[in-house]
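In what follows, chain A forms one complex with chain B and a second complex with chain C.
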Partner chain A sequence: MTVADIYKTDPVKGGPDGGVMRRLNMGTGILGGVVLALIFNLVIKELADDTVHEVDVRATVTMVGWALGFMAGMGAFTGPFRWLVGRDLTHADEVFLAGKDQGVGRYFRFTTDHKVVGIQYLVLVMVMLGAGGTMAMLIRTDLISPNSGFLGPQTYNSLVGIHGLTMILATIIMVTGPFGNFVVPLMIGARDMAFPRLNALSLWLLVAMLPVLYSAAFLGGIPMGWVGYTPIADQGPAGVDSYMVAIVIFAISTAVAGANITTTIITMRARGMTWTRTPIFVYGVMASVVLALPAFPMFMAAEILLVVDRLMGGGFYVPNRGGQPWLYQNLFWLMGHPEVYVILIPAVAALMELTAVFARKPLYSFRVAVLSIIGIVGLSVTVWAHHMFASGWAPDLNGPFMLTTEMISIPTGGLFLVILGTMWRGRIWTTLAMMCTYAMLWNFIIGGITGIYLSDVPLDYQLHGSMFVTAHFHYTLMGAGLTGAIGAMAYWFPKMTGRMLGKTSGFVSFWLVQIGFNVTFLGMFMVGLEGQPRRVVHYDAAYHTGNTISTIGAYFIGVGMLVLLYDMIASWRHGEPAPMNPWGAKTLEWTVPNPIPLENFAVLPVVTEDAYGYGEPAEPGPVRVPVPAGAEAGPEEDEGAMA
Partner chain B sequence: MSTESLVNKEAFAPEEPEDFGDRWRTGVRLLIVADASFVVALSFSFLYLRGVNTQASFHPGGTGVASLWWPWIVTAVMLASYLAYRYGMDVHEAGRRHFLNGGVVALVGMCLALVLTIVQMYRFPFHVSDNAYSSAVWVLAAGNVFHLLITVFLGLGIVIRVQRRVTTGAGDWHVRLVGIWFAWVCVAALIGALTVTVANGTVGCPLAKDQPDPGARSVPLSSCSSASR
Partner chain C sequence: MSETSTTQRRVPWWRSQDARVIAALWAGFTILGVIFALIVPHHLMGPSASNTMTEVERTFTAFSVASAPVAAVVWTLGVYSLWRWRRRGDWTPDDPDGPPLRGHGWLNGVWMFASSALCLFLLIWGLAALSSVDSPATASTPLEIDVTGQQWVWTFTYPDDGNVESDQLYLPIDRPVVFRVTSYDVIHSFWVPAMGIKVDANPGMTTTTQTTPDRLGIYEVKCAELCGLLHADMETDAHVVSSQDFEAWTASQGGS
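After this line comes the complex of A and B, so read on.
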């Protein structure tokens, strides 16, 4: 039985089965992208020949052609087109799109099953983190001595920009992408996401974005760092065009994913799953995407205005035409600071979720956790200008923005208290996932407190643009965010792959990464406090020791990540088969068998208690027994309750 | 958009077409939130640049100011189209095609608004690269074109579907969903028109001699900065 078997189509309304749609895959996507990119390039060459902005126009239009052609080749436009002509996809087409009986091939198609999309996201994130991490190793190698000459200034500058952007984009999707897609529908007792085709669309847009982003390396790089500040961006090489197009594609993907995930959570929770019975991870994911929904269009708008400046000679950011670089900074940071919490909240929520499981205790003060998340979401849109203290924009507002920024530490502290309270006097089962909780607490304390330093206006004037800032945001985004994502991966790996993650190599990786991380970025704090500026290829000899320490630490991180990668791949292929519920957790995703049937639940669950009833006497009542995938489903009244 | 093909009409699944409709409505509203953020960002950019007026060059003169008639005419046509759409929804009956009475008019109206916006952009008495003012006005109009292209796509789709009786019923959620979008693009056009109008009071200098837009407004020379070209 499949999702499409359950939701039967009306044969009168459907169009004919099959067609070219079934032959589309990643190969045809690449082909379509290359062909349309070439066509666009040739056409625009004729139209924009000898104009002032010819290079930028050609580069941008070619990249847009690639993205459109790739998505068309993947079949992303089939559904909308058939809707337009009134010949909807048929039941058989929907089954095909869901990936039924397609084996590994479904991972290379426009597959709509949320579990496939979740795995695709996981692989995509790993690829992006691998690429960004490799660039980080190159950067750190260059910085091992004051004038190493390992990278030229141009290459170094470009690498710093592309590394930053890759990592930011990867960390934004690293929890909500893989786990928000794979786990959340299971966790809320749904059969799929609200809009399966939009789900696939959001994923494949990101795949289309990657070549655009990395084409920057061959088009002069991104000289203005990941923030893309003007006026450098206005004057930069064609690599900036890659940056603009990549951001626009990413923003569209984020909006689509945000609407989809939010709708799924609001409208598709199982019967009985009230908001007080909804797992905290679901709150974390929803907070993240709700925050991203209005934030990223601001960033997209900033890039659209930059497109007008660069391709048409517009005056948005050019002062002698009445433009203003502060406009870019405002639009950017209106996205940029909420984005920090887009990354952090779901990662910390995942750790809260698993801490209750491994401490065998109810989540300490569920309401404080929810209120803290809401508080962070609310305050995060009022703090953006603390990134602009040193820019000279609206000095009268420095005080209010300092206040709101410092206030945000209060709900953030609430999340700490929830985790600490949950662990307090618990009999903790020390797994790799749980160790990530310990590491997150340590790292995020350092990242958070240094963040309060930086929100303080006088201190920010001193530290702005220094390596201290670089160390601070790595402590939050990597030390807390990425560590949380690794914890989530270790926790849900058995459900996602049907295999247990290897223990020994997991622990080896953990210690290598965490020791290396602290060595790297404590060293960076040191040189930052001494005054070393960031994004500078050659530095004063006085900072040599700190940089050498940081580089050695970075190599530890690199080796640790490789061990983790090996562990994941080896476990995925040959690992010990995972039982249905290896951790004895109480949330719904652990009630479905491995491998998970296409429709997730043969019988839709009914929730009768909260998800964290560990250590509480069992209430008499119906216990939900997982039904084999092929079993005939009964009427809803016969469904059991969640155990 | 064709989740209707997944709708279960039988007893097992608890979901009815209207449940799908509710879900889509939530999704569309959320996408509109994202789009609204984008529209507000464009409007903010216009007002911010005008407010800061960097180097007195937001509109230093030498080129004209966009006619205020055009955005309001386009907005009025869009609003009329939306009302026609609503009329189509009101008179629609299950199994019939009465919706087309208003739906086709709405579609034609949105197409007209699209053409008018493009004509408006051709007739701007400035080039996009002249100054921040011209860039900002141009981008607001381009944003409207983008909205109208999507609207025409959706309007055409819903007319074809009703004409082919794929989408039936007085309150069919496809029809209502497209109606939400129609309403939103009208609001977006209104925001654009208001932005240009509110900000227009203090900008503008003598028109170029070959001013192509008879509706474009001229302002006294005294209000122009010394940086006028």
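After this line comes the complex of A and C, so read on.
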């Protein structure tokens, strides 16, 4: 009796193939969104006329209408709806949904193929990074001189908030979105994700979210920065409603994606791929989404309470109604600190994966790598209040939170050990992807050390809320995280697009971005130590030098990113066709041909060893080289190997 | 393992070229880092105006010095591997792989032990510094000042001196001072960069911070939490004056 027999169900009684679902795409989605938004707006105008919170209620309900209408117009609800009315999707419908033989059009539909979703995520991340980066350029231009007057205070305050939120959301999805969706199923030898429709749902929810987020610009902006602290959020204009609705949509998308990726990794690994044979990048992606699963509901809950405050006159965060601003901060940072590791872990894991390939060596101490990731995941949910040392909340807890925060440096050091150990005596091929590993090491050690200063309570009293903090988290999230994502992109670009990434412009972009990055944020450390607060539209003349340095560096990053964008688009369109396995890697995604067939593997692979057997005999069995007679055994053998 | 490394095993590892160059690089990076740590942060943070800021600068310098050898390990191994083990030209399928090192138990142990020891050092230092800046001053009765933030000004009230109110901060030198901080509207953050003190001003709640100013002069008071339109302008001056001048000032403000 086979598995198929056990799970045999009644034959599906579907309707005729085709129908309206085959005509749905992004166009009908936008149409549906606009129509439903208008309907919701008019209805709520009647219902909530002349109430205290009328503007906020109308804004919020309209945005919810847009999101629902957009998703319905995209066809996100087709499957459940057809099932409800008793005409479940047929095999032909499913094949259509997977985007078989649809050309470019499938990228603008509710397509379930994980490879399509991965590319969609990649483009979405690039759009968001472009938007956030443009805002960064505006911010830095304003700060080029003490009183430039380039931006007004209201515009500036909104801009730092929307820049921050855009970048945080983009970096959260920048590795687990494109590469988690495209690469992970291939890497574990699966034909698709566990829940392909949820996969498409998570992506298109993000697309629905973007107009909501950016509508803040037309609704008075957000006055409170990306953290959305109350009570200033309570007094903000309708732009804050955009913020709240966008966060809720994003949290739903993350939950859906997290459940999907976790299920896929746990249940759909190829036969023989035990946990010790699972590539480290898969661990990284899994750690990231598992961490996001408890983290983002906190943020969502925080925003839902804020919705109640703003729209219905609740008082969760309003002191004179018995509320507590510190409640918001706790909920926010319960998301906010795990979130930085949601961003960082998969980026670093991708670099570990490709370091083994480009050093032509096994990953150094797979066990330390896995335990470090697990250690970071575990500790990162216990450190949130180090963002609140200076808030005055629970001074007695400052010591314990300092302890947990400093303990994270131990597993983080383990990640460094694994990467440095893998480089040791390797045959290092300095491709763009490998250069990103080096840049990450440089940036992350600076980001990590400055993080230790901030974990120290007395130092944090001084540095909290200053440009020093801004520089620190850009070093970790951008210097380590984004650099890791660029490395991952450079590494998997041949598999994802079937073409090689252009070399020259890649290196030009690398050096522009990395040098510009270090100039920008070393300048920012400087003004932070001198005493410049964050989020100020103008500043004292004493900070002029550091700010000018930062702005010049930022322009270098901007130009470098444009070069990278050019490189990606040009290579994507007419780059040199990529061979099946251009890097000589041993993971499964490189065993499928270009272009990748819809079902990935004609025959599902069986795994007999891990993917890091570089320099080891190919046959399965003991991989340890026997010690030659006469040579010392034990640790001495290891030391000999180090020489 | 290849023949080369069998031959190399006769040379003790600590006398190999790798080890020597790495040690030299590491020492060089460490020395540069320590010099940087001793000079630059102190220079940027400027002269300290309180015992708290002295502690802050001391901690910053100590952590920087302690970090220099750690960062030097990473930079050394990175630079050395790029210089020594970089492949010239592209990889081809016929190229030999690197040695299959899958980790050494002793190195993992040493690494973890070293990072745990460093972490313990940070923690002990941090707790000691924390108790020194957070402990209420006992030498003399502290001066109590009520600080109130509102969009976008600071107000300082001196309850000990007949509730004198001022939009500028006046402090007598060498007398401990306790700030009781609150806000009328949104969250602000009371920050005197030269004194190394900062605490949020929360509506409906009072938070405290304390220090002892020990240097005459005029310093800046800033808001360190985005508080709306004119956040960047929410600044005023802190005057540290002699105790006679302080009494003269309270008297001139109508205080007792």
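Here are a few things to note about the model shown:
The criterion applied here is as follows: the second predicted complex is superposed on the first by the 605 of 643 C-alpha atoms of A that agree within 3 Å, B and C clash if a C-alpha of one lies under 4 Å from a C-alpha of the other, contacts with A are read in each partner's own complex, and residues count from 1 in each chain.
Keep in mind that, in the parts below, contacts are C-beta pairs under 8 Å (C-beta built on N, C-alpha and C of every residue); 3 or more make two chains touch, one makes a residue touch a chain.
Just so we're clear, the structure is a prediction, and the values are computed from it rather than from any experiment.
On the superposed chain A, the positions of chain B and chain C stay apart, so the two partners fit side by side. The partner of chain A that touches more of its residues, comparing chain B with chain C, is C. In the superposition on chain A, A:G79 makes contact with chain B only, not with chain C.
In the superposition on chain A, contact of A:I569 is made with neither chain B nor chain C. Once the two complexes are laid over each other on the shared chain, residue contacts for A:Y438 go to chain C alone; chain B is not touched. Applying the stated contact rule after C-alpha superposition, one finds that A:D88 touches chain B and leaves chain C untouched. Of the two partner chains placed around the shared chain by superposition, neither chain B nor chain C is touched by A:I374.
After overlaying the two complexes on the shared chain, residue contacts for A:M402 are found with chain C alone; chain B is out of touch.
Contact with chain B, but none with chain C, is seen for A:M298 once the two complexes are overlaid on the shared chain.
In the superposition on chain A, contact is made by A:I410 with chain C only, not with chain B. Looking at the shared chain after the overlay, A:W326 reaches both chain B and chain C. Here chain B and chain C sit at a least CA-CA distance of 7 Å once the structures share a frame through chain A.
Residues 319-320, 326, 635 of chain A touch chain B in one complex and chain C in the other.
Chain contact summary for the complex, chain C toward chain A: residues 1, 5-6, 8-9, 11-13, 16, 18-19, 41, 44-46, 52-53, 55-56, 59-60, 63, 67, 70-71, 73-75, 77-78, 81-82, 85-87, 90-91, 93, 95-104, 106-108, 111-112, 115-116, 118-119, 122-123, 125-127, 129-130, 132-134, 181, 185-187, 189, 191, 193-194, 196-200, 202-205, 207-209, 220, 222-232. Taken together, the chain A residues at the contact with chain C in this complex read 153-154, 157, 160, 223-225, 229, 231-232, 235, 319-320, 325-326, 359-368, 390-392, 395, 398-399, 402-403, 406-407, 409-410, 413-414, 416-417, 420-421, 423-430, 438, 441-442, 445-446, 449, 452-453, 455-459, 461-462, 464-466, 526, 529-531, 533-540, 583-584, 612-616, 623, 625, 628, 631, 635, 638-643.
Within the complex formed with chain B, the chain A residues making contact are 3-4, 6-10, 13-14, 79-80, 82-91, 93-94, 194-195, 198, 255-256, 258-260, 262-263, 266-268, 293-298, 300-302, 304-305, 308-309, 312-316, 318-324, 326-327, 330-331, 334, 604, 633, 635-636. Taken in their complex, chain B has these residues touching chain A: 1-15, 22-24, 26-27, 30-31, 33-38, 41-42, 44-45, 48-49, 52-60, 128-136, 138-139, 153, 156-157, 160-161, 163-164, 166-167.
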